[in-house]
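Two complexes, one shared chain (chain A), two partners (chain B, chain C).
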Partner chain A sequence: MIESLSLLSVIILLPFLGMLFALSSKSDESLGNRNAFNVAVFTVCANLVLILRIFYNLDISKNGLQLVERFNWLENPKIDIILGADVFSVIIIMAVHLAFIIGLYGIKRQSRQKPLVVFGLLFLSLVTGFFLAADIFSFYIFFEAMLFPLFMLIGIYGNIRRDGAIYRFFLYNFLGAAVLFLAVIILYNLQEGQLEISHFSSMKMNEKIEYFMLTSIFISFLSRIPIWPFHYWISSISSNIRNPLVFIITNILPLTGIYGFMRFLPDGMDMLSIFYISALEIIAVITMVFIALIGFTNRDAQYKFFSYITVYYIMYLLALLNHDAFTEINIAFSCFSYLIVIAALEFLSDYLYFEQEEKGLNPDGILCSVPRISFAYSFFILAAVGLPVSSLFVNNFLIVSNLMSKNLNIGLLVVVSLTLVSGALLKNLYRLKDRERLNPDKPCIIDIKRKTYGFLIVIMLILLMSSFKPLWFLEM
Partner chain B sequence: MSQRILTFLPEFLLLVALPIMYMVQRYRASATPKTYFTLSRYFLLACLIFTIVLYNKSGYPEYYENSLYTSLFKVIIYLLAWLWFALSCKWFLVEDRNSLGFYALCLVSLAAVSVMISSLNLGVMAAAWFIINLCNYFLLRLNPEHDENSFVEKSYLISIVFFGLLFVLGCWLIWQSCGSLDYGNVQLSLQHLNHADAKSLIGVGLVLAVMLFSLSLAPFHFWYLDFVKTAILPVSGWVTLIPIFAYFASLVDLVVNMFWSVYPQFQVGMIAFALLSLLIGAAGVNGEDNLRCYFGFSTVFHMGFLLISLISFSANSVFSSFVYLVVYVLSMSGVYTSLLGIKSKGIYLETLSAISGLSKPKPYIAAVLLLFMVSLIGSPPMLGFLGKLSVINNLVLEQNYILVAAVLASLILISNGYLRLVKTLYFEEVSHPFDRTDKGIYIFMFANLVVVVVSLLHPRLLMNDFEKMLITVF
Partner chain C sequence: MIFSRERYSRFVSLLLLALGGVLWFNFYENWQFGTSHTSIFRIFEYEKLSLEINLSSTALIYGVVFPFLCMGILSLYNTLTSVQEEQRGRLSGLLMLDLAFLVLLACSTNLLIILACSSLMGVIGLFIVNKFESKKTYIFYNLTSDMALFTAFSIVYTARQSVDLSALNQYAAGGSAPQLVGVLILLSLSLKAGLFLFHNQIFSYRHLSFNRMILLNYCVVPAASLILLTKMSHVFATLEVCRWLIYGLAGLSMLYGFLGALVYDNMKEKALSLNVLLWGFIYGYTGTNPQVSLEGLSGLLVLFYMFNWWLQLVVRSFSDEIYISKMGGSWQRLPLLQLMGGLLSVVLLQQLSALSETATSGQVWIWTLSGSILIIVPYLFAQIFYGDNHCDERVWAFLKNPGILSWLPFFSICLIMLSKCEYYSWSLGAAVLFMVVLLWLNPLRFVAEIYEKDEIQLAEFFERAYEYIIVAPLNILGRILWLTVDFLLIERTIVNSFSHLTEFLIRISKKIHTPRPLEYIAMTIAGLLILFFFMQVKP
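Moving on, here comes the complex of A and B:
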C-alpha cells in the first residue's frame, strides 16, 4: 500500500500544507503565539517519518534516481514534472529537515513567529522539491522559487544593512536564475522535449551550445556559493543575522549551488570543460584561503562561524569537480553531519548572544557557569573541527585524501584552510570557557532548560551514530 | 433579415440597459450605486449568454463575424467586466457617489469593444475604436475634483482626436490603394501590390500606430499614465483591464488577416517600440512613488513584453502572448482589488510611502499584493511563470536570442522595482492607521487566487482549449 503512494510528492506538499495551516492559524496570546510554531514542528516531524520511509524504499546499492514520479503538467510546451530520489538527495533532505527543526527550537522564545514559520515552511517545501527534481524544468522551477521565501525571511528578520545586501542578494540570485532559465529553454528545444537531469552530463552538444551551457551553469550555480565575485551578499547577511532559523535557511542556499554543479557537470572532460573547471578551482581555492585567514584573525564569533561554513562548502565543491561516485557519497554523509552541526551551533550561539545582550555581559568565560550549554557547545565544536564524534571525521578524511590524490596542491591548501577555520572555532571556544577572564561581579547567564538539553542530546546521539555508520537507521 | 439582426443581440442588450438605467434614475427615488450595478450585471449576464449561444453566427459577414476566436475574447472580457463592476460598486458605496455614468459608459464601451473584436472592415473598426475612446474620455470626466483634471482631459481628448484622424487617414490611404476596407479584399490587394506602394504602406503604418497607442506602448504611453493617475479608481481599473483584450484581439486579426504580406516591413519598428516600452516601463517602476503610475508603468512594460512575444504573429507567438495577457490581467485585477481595500481615514491611499508596513495591520492584502508582484516578475511557482515560459520559449524557437537577452535584462530591472513595493509592505514600519477592509474585497481576492492556483496546478485547463480557439483566427 505504502509503495503505491507518491511519497516524493507528499514530502514536498506536506510543508506546503503546513504553511497554509500556519498562515490561517490564529495568533493566540494565551498560547504564547505558539500555534504556527506547533504546526511547523508537527509538519517537519511528520515529514521526517516519511523521509525514513523513503529510505526503506530505496535500494541503496543502486546508482541513479529511484522512486520516479511523473506528472503531466503542460501541453505546449510539453513539460512533465519528474521527481526522483537517490541516497545523496534523501540524506541531504533529511539533514535539511533536522537542521530546520533545530532552527525552529531556536526561535521558540521569539515573538512574531508566524511570518517566520510561514516563509520557513514554504522554503522547506521548495528546497525539498529542488533536491528531488529529476528533470531540468522542475529543477529550474524549484531553483528559482526558493529565492522568494528566502528574500522575505532575510528582509523581515535579517537585521542587516538591508538595502545594499538584500538587493545584491536579489540581483546575483535572480541573474543566476535568469541565465539558468535561458539554458533550460535552449536545452529543451535542442532535445525537442523533456530532458532528465541524469542525461545532461552525457549529452552531446555543438561547441557554441556547450560554451553557452557551461557559462550558464557556472554563473547560475556560483551565484549561490560564497565564492568571489558573488561572496559579498552572503557574508554580509550571514554575519549579521541573529535568528537561528533564518541563518540556517540562508546557509542551506549554497548547498543548492553545489548540488547543481554535481548534477550538471559534464562527464567527459574536453578542452572547454577543463578550462572552466581549472578557472573555478583557482578562484575557489583563493577565496577559501582568504576567507579562512579572515575568519582566523577576526574577533567576531559570527564571522568565524561564517568562514567555517564557507570553507566547508568550497571544499565540497572542489571535491565534486572530480565527479566520481565515491566522493559524492562521502560528501553526502559529511554534509549530513555538517548541516546538523552548524544548525546546533547557531542555535547555541544565538542563545548565548541574547543572554549576553540581556545581561550586558561580554563573552569571555561565559560558559563556565552553565554546564549543560557548555557541554553541548563543546561537543558540537569538536564535531565541527572533525574529531571522531560525527561522520565529518571519516568522510572528511576520505574527501581530503581523494582531493590530494587528484591534485596535491589543492589538497594541501584545503587542509590549511580547514586547520585555520578549526583553529578559529577552537579559539572562540577557549575564549568562552576561559574561567580566568570571567568577571565574578557580573551576573551569570541562565542555562538551557532540561527539555532543550534533552533535545540536543538526541541530536548528539544522531551525530555519534553517524560517525560509526551513516545509514544506521536502516538496520533498526 | 431578422436572423441577421439577431446576431447583434449581445451588443443590443448592452445598449438596452441605458434607457432603463435612465428611467430608474428619473423615477426611482431610492436608487443607489448598487441599483445600477444590479441592472448592469443582469444585462451583462444576458449578453454573455447570447454571446456563447451565437458564438459562430454572423449576420453581415462583410463587416462583422463571430467565431471561436472572437467569442473567446468576448467571454473573457464580459467576465472581467462583471468582476470589475462588482468591485467598483463597493467604491461607489464607500464614496457615496452616483454610479449611473460609470456603468452606462462602461456598457456602451463594452458594446463597442464587442463590435471591434468581431469587425471585418476597417471602417467599422475605426468607428468602434472612436466610441471606446470617447467613452474613456467621459469616464475620465467622472472625477470633477482633481486639480489637474482639465489639462489631462484636454490632452486626452486631443490625443484621441489626433490618433482618430490618423486612423481615418490610414483607412483612406488603404482604401485609395486597395479600393476597399474589407479585411479579405485589402489582404488580396496588398498581396498583389508592388512593395513600393507608399500609400498602402503609410496607411498600414498609421493603423498599426493607432493600435500601439491604444495598447499604451512607448512612445505613445503618455496618455495612459495621466489617465490612470487622474481618473477615479474604478475607471483606472477599467481602462487597465478591459479594452486591452479588445486591442490585442484586433491587432492580431489585423496583421494576420489583412496586413500579413506587408507586415515584415514593420517588424523592426514594432520590435523597437516593444524594447522602448520595456525600458521605459522598467525605469518608471523603479522611480515612481504614486501607486497608480507605478502600476501604469508596469502596464507599459508588460505591453512591451506582449508585443515582443507577438512579433512574428505565428500561431505559437499568438498563443504565448495570449497566455501572457491572461496572466497579466489576472495579476493586475488582483492588484487593483487590493488597492480598493487600502484606505486610511476614509481616503484611498495612492503612494508607496503611504502603505509602508501594510503587512502588519493587513497581512492578507499585503500577501496578495506580494503574490501578484511575484507573478508579475514571472517567477515560479506563480502563474506569471507560465507567461514568461511561454514567451521566452517562443522567442528561443524563433532563434531571437538578442530579444531574449533584452527581455531577461529588462525583467531583472523591473523586478528590482517590484521589490521596492515588497520592501515597503514588509520591511518598513507602519506610517498610517488603516481602515477596516470590506469582506467583499477579501472574497474577490480569494476568488482571484483560486483561479491563479487552479491555472497553475492544472494549466491545461487554461491552455489547451484556448489554443484550439485561438488558432481559428488563422
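Moving on, here comes the complex of A and C:
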C-alpha cells in the first residue's frame, strides 16, 4: 500500500516537477531549448518506468480501481482526494506518455521550445491526475485545469486565426465546465462529502436531480468529444496550429470526455438514460459519417487526420455505451496503438510540412526522395487503417463486433466510416508518394536523422508487439 | 530486402530461388509420402477469443498450396532471369514472404488469422506494385475488400462468439443475417480476384513490367482470393443469393475475359483478360461446389501462368513491342517460340479434356473455357506469327527466339505435365485439329480492325462509371455538408450568435456603468424590479 501510495502520486507530481525545472532553464535560446527538451525527455522516460512498475503491482484480472490512495485535504467542508488505477487508466496514461515523447521529438526543430515544454509537462501532469482521479472533486479539478495549458499554447503558437480558435475553444469548454461545476456541487450536497466516482452510478436521486445530473454529464463530456455540434473547436485548432505537441495535446482531450462517460455512465438503464443514450447514438453516428465524408473529400491533410481521430473517438464512445468490461479493456488496448499512431503521423506530417514550406515545394511526391520518412509514414498509415501491425487490428475487430451485437446497422455505419477515413489517409499517402507529380527542378527535402529514425523504429516495434499481445511488456 | 544494393541483387535472388527450390522439393516429398504435421502456436487467448497460428498439414492443404508454390518458384526464376527487373533481390524477398503468408492462409482455420494473412498479402503486393497509377487502384480495391471481410467476420463473431472457420459455416446455415455475410464475403473475394465489375485493379497492372504483372496475378492477391474461395465455398453453396451472384459474376467475367483477349491490342491487356477468364471459370466451377477443390485445378492454374509467361517471351522476342498489331509474319524467324506456344496449347487442352472427363458437375464451365481457348489461341497465333508483317524495321531486324534459360524450363514443365496427365483421347486430337483449322482459316481476322479504334483501346468505362457513381457523389456530398453544416450552421450561426450575444451583453453592462444619472437610475430601477419579481415568485 505504501509503495502504491507513492507511485500514483509520484507519476502525477513528476511531470509537474519537470515543468518547474524546465521553467528555470537558461534564458539563452539554444541552451534553454536544449535544457528544457532534455528535462522533458528525462521526466517522461522516468514516468514511463514508474508506470511499468504500477502495471506490475496491478492485478490485471480484476475489475475496478486498485492501488487506491486517499488524502484528507479539508475537514470542513470535508474533501478527500482519492486516487486509484485500473488497467484501462494505466494503459491510457502509458499511451499518452508515449504520444507525448513523440510530440517532443516533433518540436525539436522549433525555435521557441521552452513554453511548449513547460505547458506540455503541466498538461501531462494534469491529464495523468485526471485518469487516476477516483473522487468527483479531484476529477473535476483535473478535468478543467488541463484546459489551461492548451489555452496558453494556442495563444502562443497559434497562427493569424488563433483568436477564432481560442474563442471556439473557450465557448465550448466553458459550457461544459459550467454545467459540470453545478453537477459537482449538487453531488457534494447529496453525498455529504463522500464523493467517490464509483458510488455515482448506484446513487439514489429524485427525478428532477437525475434529469439535471444526466444532462450536465452529457453536455460536459460531449463538449470535449468531437461530436456534432461540439466538433468545431478541435478541427479549428487542428487546422490552425502546425505544431505536433499542440496537436497531440488537443487530440488527447477528447479521450478525457470518453473516459468521463465511462466512469459516470449509470449501471442500470432507466427510461431517462435510455432516452439520452439513444439520442447520443443517433447524433454520434450522423457525426461520424458526416465527418468521415468530409475527411474523404477534403484535400487538407490535417483535416483528414482530424476526421480519422473523430471517427475513432466516436467508435469508442458508441462501444462504451454498451457498458461491458470486456469492451472497455479492448478500447484501452486499441486506444494504446491509436494514440501512438496519430502522434507519429502528426510528427512526420509536420516535419514534411515545414520542409516543404522552407523549400517552397508542393506536397505531391515529396516522399519519393526520403526513404526513411517514406517507410515510417507508410508503416504508420498502414497501422492506422487497421492492418495487422498493431493492436488496432484485433481490438477494433472486437469493438466493432460488440457494436454489431447491439445494433447491426450502427456497426455497419461504423465500418463504412472507418473505410472512408482509411481511404482518406491512403489518398493522402499516395499523393505524397506520387513520383510523377514530383517536380525534378525543385530541391529535395532532407530525410530524418538516423537517431530519430531509430526512435521511430522502436515505436514501430512497440506497435508490432502490441498486435500479438497488448500487455506484452508484463511478460518481459 | 536487407541486401537492397544492386550489386548483390542477382546473388540474393539466386540464393532465394535455391532456398525456394529446396522448400518446394521438401513440400512435394512430404505430400507424396502423405506426411502430416500438426503445429499450433497460440498467440493469445482473451476471455472469449483465442488467436492461434495453425500450420497443420493435410492432403487437402498440400493440394491447395502446391500450384501456388510451383508458380512462386517459377516467378522467382523469372525474376532472376528477367532483364528488365532492376530490384531482383527485393522482389524475390517479397515473394518469399508472400508465399509464407499464403501457406499460413491455406492452413489456417482461425478467421482472424485468415483476415490478417489476406491483409498482409495485400500489403506485400503493395510493395511489389512499383507504379503509382497501379498502386492507387490496388490500395483502394484491397482496402474495400479487407473491410468487407472484416465486417463479415465481425458479424459471425458477434453471433457465434467464435473465430473458428466452422462458426462461419454454421452462421451461413442458421444465422440472423447470413445473406449479408455471404454477399460481403463474395464482394471481398471478387475484389481480390478482379472479377467482372471489379477488374480495374487487375487491369491497372498493365503499367507494371510483365514479370511483376504475372507474379501479382498468380501469387499475391488473386491467389489469396482463390484460397479463401476454397475455404468459404460452403457458405456460397448454402446461400441461394450467393449462388446466383457467383454464376452471374463468373459468367460475365468469362465473357469479358474472352472479349478482352480478342479486342485488346496491348499484349499485357490480353494476358490480363485471359486471367479474368480463368478466375471467372474457377469461381463458376468451384465457388458453389465445395466438393471440388483447387487440387483438381492446379495443372490448369500452372498452365495459365505458363501462357502468361509465353506471352511475355513473345513480347521479349519482338524487342519489347507490346502491341500485337505491330507483329505478324514471323513464323519462319521464330520457330522455337511457336513450338513452345503449340506445345503449351496441347497440354492446356489435354488438362481441360481430362478435367471434363473426371468432373461430376460444372461441365458447362469447362466447356465454356475450352471453347474460349480453342478460339483465342489460334487467333493469337495468327496475329503473332502469320499474315502480313507489321513490325517496325528495327524490331524485325532484332527478332530472336527465347534463350535456353527460357525454353529449357518451359519445355521441361510442359513435357512433365503432358506425361503426368496421361490423358490421350480422340477429343483431344479433334480439339488440336480444330485449332489448326481455325489458324489456317483465321475467321476472326476482322476483329483486328478494332485495334485501330482508340475509343475501345483507351476506354476506361468502369473507372469512369465508378468515378461518376461513387466518388463524385461522395465528393459533392462531403463538400455540401462541409459548407452547410460546418461553415454555415456552426461557424456562421451558432458561434457568431454567441459572439454577438456576448457583444450585446457587454454593451448592456457598459450602460450600467455609465456616468449619466438618468440611465443609472433607470438601470437601478430595472434591477430592483427583477429582484422584486424573484422575491414574489420564490417562496
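Descriptive notes on the structure:
As a working rule, the second predicted complex is superposed on the first by the 466 of 476 C-alpha atoms of A that agree within 3 Å, B and C clash if a C-alpha of one lies under 4 Å from a C-alpha of the other, contacts with A are read in each partner's own complex, and residues count from 1 in each chain.
One rule holds in what follows: a residue touches a chain if its C-beta (ideal position, glycine included) is under 8 Å from a C-beta of that chain, and two chains touch if they have at least 3 such contacts.
If you're wondering where the values come from, they're calculated on a predicted model, not measured in any experiment.
Superposition of the two structures on chain A shows chain C fitting alongside chain B with no clash. By the touch criterion defined above, A:Ile410 reaches neither chain B nor chain C.
By the touch criterion defined above, A:Asp434 lies against chain C but remains apart from chain B after alignment on the C-alpha atoms of chain A. In the superposed model, A:Ala178 lies in contact with chain B only, and not with chain C.
Once chain A of one complex is fitted onto chain A of the other, the partner contacts of A:Leu74 are limited to chain B, with no touch recorded for chain C.
Set against each other, chain B and chain C differ in how many residues of chain A they touch, and the higher count belongs to C.
Contact with neither chain B nor chain C is seen for A:Val41 once the two complexes are overlaid on the shared chain. By the touch criterion defined above, A:Leu456 lies against neither chain B nor chain C after alignment on the C-alpha atoms of chain A.
Remark: in the superposition on chain A the angle formed at chain A by the CA centres of chain B and chain C amounts to 160 degrees, rounded in steps of 10. With both structures placed on the common chain, the touch criterion links A:Ile141 to chain B but leaves chain C unconnected. Using the contact criterion defined above for the overlaid structures, shared-chain residue A:Thr419 touches chain C, although it does not reach chain B.
Judged by the touch definition given at the top, the superposed model places A:Ile156 against chain B, while chain C stays out of reach. Here chain B and chain C sit at a least CA-CA distance of 5 Å once the structures share a frame through chain A. Annotation: chain A residues 167, 171 touch chain B in one complex and chain C in the other. Within the complex formed with chain B, the chain A residues making contact are 23, 72-77, 115, 126, 140-142, 144-145, 147-148, 151-152, 155-156, 162, 166-167, 170-171, 174-175, 177-178, 181-182, 185-186, 188-189. Every residue of chain C that touches chain A in the complex is listed here, in rising order: 43-44, 46-49, 51, 112, 115-116, 119-120, 123, 132, 135-136, 139-140, 143-144, 146-147, 150-151, 153-155, 157-159, 177, 474-475, 477-479, 481-482, 485-486, 489-491, 494-495, 498-499.
Per the touch definition, chain B reaches chain A in the complex via residues 316, 319, 359, 367, 370, 374, 379-381, 385-386, 388-390, 392-393, 396-397, 404, 408, 411-412, 415-416, 419, 422-423, 426-427, 459-460, 463-464, 467.
Residues of chain A that touch chain C in their complex: 167-168, 171, 228-229, 232, 235, 290, 293-298, 326, 382, 385-388, 393-394, 397-398, 400-402, 404-405, 408, 411-412, 415, 418-420, 422-423, 426, 430, 433-436, 468-469.
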